[in-house]
Structures are given as structure tokens and as C-alpha cells.
Amino acid sequence: MRLSPKLTQRIAWGFIWAAGISAVVILLLIVVYVIARGLPVFGSEFFFSEPKGGISGEGGISSVFVSTIWLIATTMVILIPLGIGAAIYLAEYAPDNWLTRLIRYGVELLAGVPSIVFGLFGFAIFVMALNFSYSILAGALTLACLLLPFLIRSAEEAMKVVPRSYREAALALGATKWQMTKSVVLPAAIPGIITGIILCVGGVVAESACLYVTMGGSAGMPTSFFDGGRSLAVHVFYLAMETNALDKALATGAVLIVLILIINLITRWLAWRFRARMEGKA
Amino acid sequence: MSRYFADRAAKRLVFILGVSAFLILVLIAVFIFREGVPAFQELGFSLFGTKWYPSRDAFGILTMLVGSVVVTLLALALAIPLALGCAIFLAEVAPSRIRQLTRPAVELLVGIPSVVYGLVGLVVLAPLIADISGQGSGSSVLAAGIVLAIMVLPTVTSISEESLRAVPPQYKEAALAMGATQWQTIRCVLLPTARSGIIAAVILGTGRAIGETMAMVMVIGNSPIFPDSIFSPARTLTGNIALEIGHATGTHESALFATGAVLFVLVMLINSIGLVVHRRMAR
Amino acid sequence: MDLKIQTKNLDFYYGEVQALRRVTLEVKEHQITALIGPSGCGKTTFLRTLNRMNDIIPRSRLEGEVLLDGQNIYDNGVDVVEVRKRVGMVFQQPNPFPKSIYENVAFGSKMLGMNHSAVLDEVVEKSLRQAALWDEVKDDLKRSALMLSGGQQQRLCIARVLAVEPEVILMDEPCSALDPAATLKIEELMQELKKEYTIVIVTHNMQQAARVSDLTGFFLLGELVEYGTTGELFSRPRDRRTEDYITGRFG
């Protein structure tokens, strides 16, 4: 029996509505669940004390939070000059030749490699060979490698959309190439570049696998970037796998969700500013 | 003349940064493969055997390869219909007010750390599965597949939705004007036109799924055995590295690098398939 | 009248495609030289060879000479940046930077290392006055240049060029994106500017060439077909192809 078009339309519509609603509901339920179970744990003890270890998972997340901040700062100090510099080279200076194509291909290739593979590399080079042992520095160096392809691509993209007419106008006024890049291209591209950087911060916050094998599990308050530490995401893993304090794990997860939400809002706002500036409204 | 000096200096600097960024990335790839070579030389094809007992010098990674592939396929089987339905819903069906709410929500969900998904899987899903199957803790291929499906759902949905939106409205209008129903229009006009974008979305989701590590470690049970049912525990390639690299030496360490190399190749393979399909479609 | 720019047997290629063939032309000082011809005839390409803006196009190649005050600007060791400072350019689409009006005009001076704000203020005012824009924007110097109308933007771009104190100003269809009133303003401006500067303008509008220019060159398929005083060329063209073009038989 062949179904009439009208009937298939009804069935298909039913499925599409069900899929749309259920996907959104499942995803929102997860967020709501984590926040609802985490919220009661929030309080000064949770935010301002260090994890005390042990199977019961006593204590809070203060040192973990500080380690995360250290990790973000160290990663960015390594990542930003390298990533932005490489992006400027590719967007403005690179001639159209085999070397450039090779660099682009390499960046493209590494962008999809799983983070644990970067972790493996970071463990062997930074933790073992260079003897940084499990430390924030080793974690940051590994993360910088992991995020490098993404930052290069997004910064290059931001510079590529700056109209060619701006570049021509600057050159025709007698600007050197670097003056053109510095005074015209970079200012126009900066909201896009900052969006890329902030997404990298989000990547640092969310990443766990490659940190688990390079930063170790020490839960103490870091005093320098040669100390080991746990980021919030790694802390969630430890709490879930090695303690009974699932509520604390969920509360830490809730903190992560809030951080990601803030990062998301900032990038939205920046993207809006970027468009406004390109259209002359800012 | 200082601005000319600055110009030359800047040119040299960004060139050095560009090339060194590239060299670092090349170094990573070369290093992973080179460190895996000893394991291959020592173990030969037994590296692709089924027994992983580091204490007895047995380093067969086939079990984990199967674990990764099975979990990924299960996740895709669950996620693709849902993601496609959801993408069509958002692009074509949903009232604009719902759409305005769901789009940012889906984008937010792409950024949520994988450990959070793993945690919810551990706290909610695993006990549920343990109840149903009546065995163990519920950490299983099924739990891992479901968690992974939920994780790739936002990615696949948002990219598919974008490519559905990119279809010119004239196509749709032409079909509707010929008396096709909305579903016929979607099936015969929209989906075929957007398919290369949808395939790209699926490929990207697959790459993510294969590479996911900590969330898998949290819900799959991590026993290096062949799963004999969806309720059985297993171990993924990624989890294998994360769990053991900290205390591995000698051949064991090299075998873990070989695991990394296999992952690397797997991801390359997936991406090249994506590229080939994309080129076919473009014609 | 002195010679300002002289091209000799200029050939230009985009990859394998030859865009200019043996173009020999003389630009006289304090005159307006108009270049006309159908689209794709090479007039814009030719204009851009005069301040080496074609350098930035990959896989392009030039043969022949462009002499600026007798010096070939394509010689080894010639500083491109200096050439472009002496030979400024106004583009088809007004292209102010997404910065304030003030920053736009001060841009070139800042590139030359001038940071003294009193001097910059003076340069900005003088250039905007010269471009007949001062009265319209003097209270809004800090506003974004993108807020201006198209005609104002184009005059801002002219002011921006004037601020660098060039000797020659190249204009690539500067009025094609503007309405008739704004076009008229620019044309009047050109008459003022020619007292101090040498102007070369590419235009697809023959009436405009006839109205504003002293000398006119007609390009076709990459060749300079005819070059002479504007009056001569429009009333008594020597070449049949020129006649066909200006009488509207093709183009």
C-alpha cells in the first residue's frame, strides 16, 4: 500500500516536531539538572576552601579555581603571540607558494586531531623530556599546541574579511605594509580576533583529557606555574571517579556551565559589535 | 627611516612565528608516529591483537579500536536522525519565536565541557541502565553511546541547520507551487540540495566522537574486553591512553603512542572521506 | 608645460592575459588628464601602474617604463612607499577607514611619524578645506567616517590623499558611485585642485571627461588608440575607432 502524500506529510511533521522538541528538551534538562543539583552546594565553604581529598570529597574549589585562572593566563601568554603572529603572516604576508599551502594544510590537518593525542605529546615532551613534571606550565604548553590551529584559523578569517579597499587606501597613502597591517587591518579585525581568543579561553575551561595527563591531579593551591594543579573540568572528573561527592561534582559542573555561558554572551556581544563597526554604526 | 625598519622587522617576525607554529604542529605529528615505531617493531602485527595485558607484555589494541568504533557508530545511529529532525525543525518548521530561543541554546551546548556530559551520564544514565539490564554499575557501551550522541547532537544540528538555510528559497517555492506537500519539498528539494553540508556535519561529529576521552572514561567501564552486548563495558582508544600513560614505560609506553597514531590515522581517514564526498557532491 | 609622468612602451600582464600593449603617454603638470574607453579596455590597469598599486596583484608582470619626473619608478632600489606618497590615489568606491573623520585625514601624516597634535589638527583642517568638506564636518570630526554620505565620503578620501601632500592624484572613476549633485561637487573640486596638483582621472562617462579634462586618452583592448587635447579629441578625432566610440556607436 502506498501512503498518500497527505499522510506522509502528517507522519513526517510529527517526527520533526518530536525530534526538535525532544532534542532541545534533553539538552536543556541536562543543564537544568546540573545547575539544580549543584546550586544547594554553592556557598562560601564551597567557593572559598580547598578540596580536602579523601573518598568523601570534603572541601570546596578555591585552589581549583585559582589553578584554572593560572592555566588560562599561562596558556594565553604562549598561545596569543604565536597564533596571531602566524595568522598575520598567513593573511597578509604569505606568498601564494608551496610553503604557504603546506602550512595551511598542516594547520587544517591538526585541527581535527583528538586532544588526548596532544596530551600524549605534551606528556612525553613537556612532562618527561623537558622535566616540567606535572605542572600548570606543561598543561598550558600542551593546550597552546591544541588550540593553535583553531586560533590561527579564526584570526586569519577575521583579517581576511577586512575589505581589500582598506588595504589599498592605506598603501596608496604611502603606508608601509606593516603600517597598513597595524593601523588598518588589525583594528578592523580586532573584534573577530578577540572572539577567537575568548573561544580559546572557553576551550581551556572545557578541556580535560590533555590536562589529565599533563597537569596531574594535585588539588593544592598553586604558587607558581611549575606547580601541578587541577582545572575545574579535571576536578569534576576526579570528584566523579574517586569520591562519593557527586553533588560537589555537579556543583563544579554548574560553575563550568556558568563560565561557558558568560564566555558565550561575551562572544555574542563582540560579534554584534564587529558587524556594527563594519556597517558604520559604531 | 625607522618605519622601514619596523616594516622589515615585522615581516621577519611574523614569518618566524608562522613557520614555527607550523613546525610545532609537524613536530607533534612526527613525534607521535616515531614514538609508536618501537612498539610496532617489537610486537609486529600482534599490536593489532585482541589481548591487552600490560603486566604480561600483551599489547593488542584491537579491542579498544573496536570499542571506539562501536561506541561511535552507536552514537551516530542515535544522533543523526534526531539531529536531522531537529535541524529541519529549526530551519523550516519551528515558529520564529521558538527558533530565536533554541539557536543560542544549541550554540551554548556545543561549548559545555565534556566532563559535564560524562557526569550526568554517570549520575543519571548509568543507574538507569543498571536497573534495566540487571547487571553491574550500568557503565557500558550503551551508556557511552547515549552520552556521546547527546554530545555530538548540538554540533551536527547546528551545521545541518545552517546548510538547510543556505538553500535558495526559490527552489522551495518552485516545488510548493507545483503542489508538493511541505514534507515532499523538504525530502525532494531541501535535503538533496543541502546534503554536502549535512555530510560535513556528520563527519565533524564523527571526528569529535572518536576523539572524546574523559566523558567516555566516566561511563564506559574501561575494561579492555570485546563488548558482547550493549550492556557490556568496554574501553576506547582515547581512554586507553588517558588511563595508562602516567605509569607506562618501555614497550607499554610505545604501545600507547601507537594507540595515539592509530587515532591520528582514524581521524585523518574520516576527514579525507569527508573531503572526497564533499568534492563528489560539489560536481 | 612640464612633463610630470611619462610611460614608455608599457606592457602589463595578469598571468597570461595581456592587459596593456605598448602604452606610451605623457602626463603634463597642473593639467587634468582623462582616460576613457569601454570597460575592460585597460584604463584602470594603466592608472594603477602609475603608483605601482598593481604590485599587490599576484602573478602580474610589467614591462616598459613609467617615468615620474624622469625617474623610472620600476627601477630596482626605488622605494614603492615613497612613490605612492608622491602619487596618491582616489578609488572608485569611497573607501574611508572605519575610523573617525579626523583619524582618516590624519592617517598619512601619522604613517610618516607625525604625532604632534597641533600640527595634525592643522593638516586635517587644511586638507578638509581643500576638499571642500570642512564646513560640513568641522563639528563632527570625531564621528565615524562611515556615517557620511557617499559624496562626502569620496571628498573625505580626497582630503585624506591631500593631507599626504602628493604631487599627482590618480582618480579611478571617482564619481561612479555618486549622485549628480555629489558628482558636480567633485568636478568643481578638481578644477581647484589642478592649480596645485597634477590629476589623472579614469572615467566611463564621456561628458565628464569633456567637462573637466585638458587632455584625453582613448583606450581600447589594452591599447592607447588616441591621445590629445580634450577639445581636439572630441571634436576632430583622428582615429576611426575613437570616433565610433565618442559618437556612441559602441561601448
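Residue numbering begins at 1 within each chain, and the chains themselves are lettered A, B and C in the order written.
Just so we're on the same page, contacts are C-beta pairs under 8 Å (C-beta built on N, C-alpha and C of every residue); 3 or more make two chains touch, one makes a residue touch a chain.
Treat the numbers as computed from the prediction; the structure is a model and nothing was measured.
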{"item": "Chain closest to the middle [Cα centroid of all protein chains]", "value": "A"}
{"item": "Pair of chains ranked first by number of touching C-beta pairs", "value": "A-B"}
{"item": "Most widely separated chain from subunit B, with each centre as the mean of CA atoms", "value": "C"}
{"item": "Mean-CA-position distance for subunit B and subunit A (Å)", "value": "17"}
{"item": "For subunit A paired with subunit C, centre-to-centre distance based on mean C-alpha positions, whole Å", "value": "47"}
{"item": "Distance between the centres, which are taken as Cα means, of subunit C and subunit B, whole angstrom", "value": "54"}
{"item": "Sites on subunit A at which at least two other chains make contact", "value": "176, 179"}
{"item": "Subunit B, residues touching no fewer than two other chains", "value": "3-4"}
{"item": "Residues of subunit C whose C-beta touches two or more other chains", "value": "81, 111-112"}
{"item": "Interface residues, subunit B side, partner subunit A - complex", "value": "3-4, 6-7, 10-11, 13-22, 24-26, 28-29, 31-32, 35, 81-86, 88-90, 93-94, 102, 104-109, 111-120, 122-124, 150, 153-154, 157, 180-184, 186-187, 207, 210-214, 217-218, 238, 241-242, 245-246, 256-257, 260, 263-264, 267-268, 270-271"}
{"item": "Interfacial residue positions of subunit A with respect to subunit B in the complex", "value": "5-6, 8-9, 12-13, 15-24, 26-28, 30-31, 33-34, 81-83, 85-86, 88-90, 92-94, 102-103, 106-107, 109-110, 112-121, 123-125, 145, 148-149, 152, 176-179, 181-182, 202, 205-209, 212-213, 233-234, 236-237, 240-241, 246, 249-250, 253, 256-257, 260-261, 263-264, 268"}
{"item": "Residues on subunit C engaged by subunit A in the complex (per definition of touch)", "value": "51, 53, 56, 58-59, 81-82, 84-85, 88-89, 91, 93, 95-99, 107-108, 110-112, 144-147, 157, 160-161, 164"}
{"item": "Touch list for subunit B against partner subunit C, complex", "value": "2-4"}
{"item": "Contact footprint of subunit B on subunit C as seen in their complex", "value": "81, 111-113"}
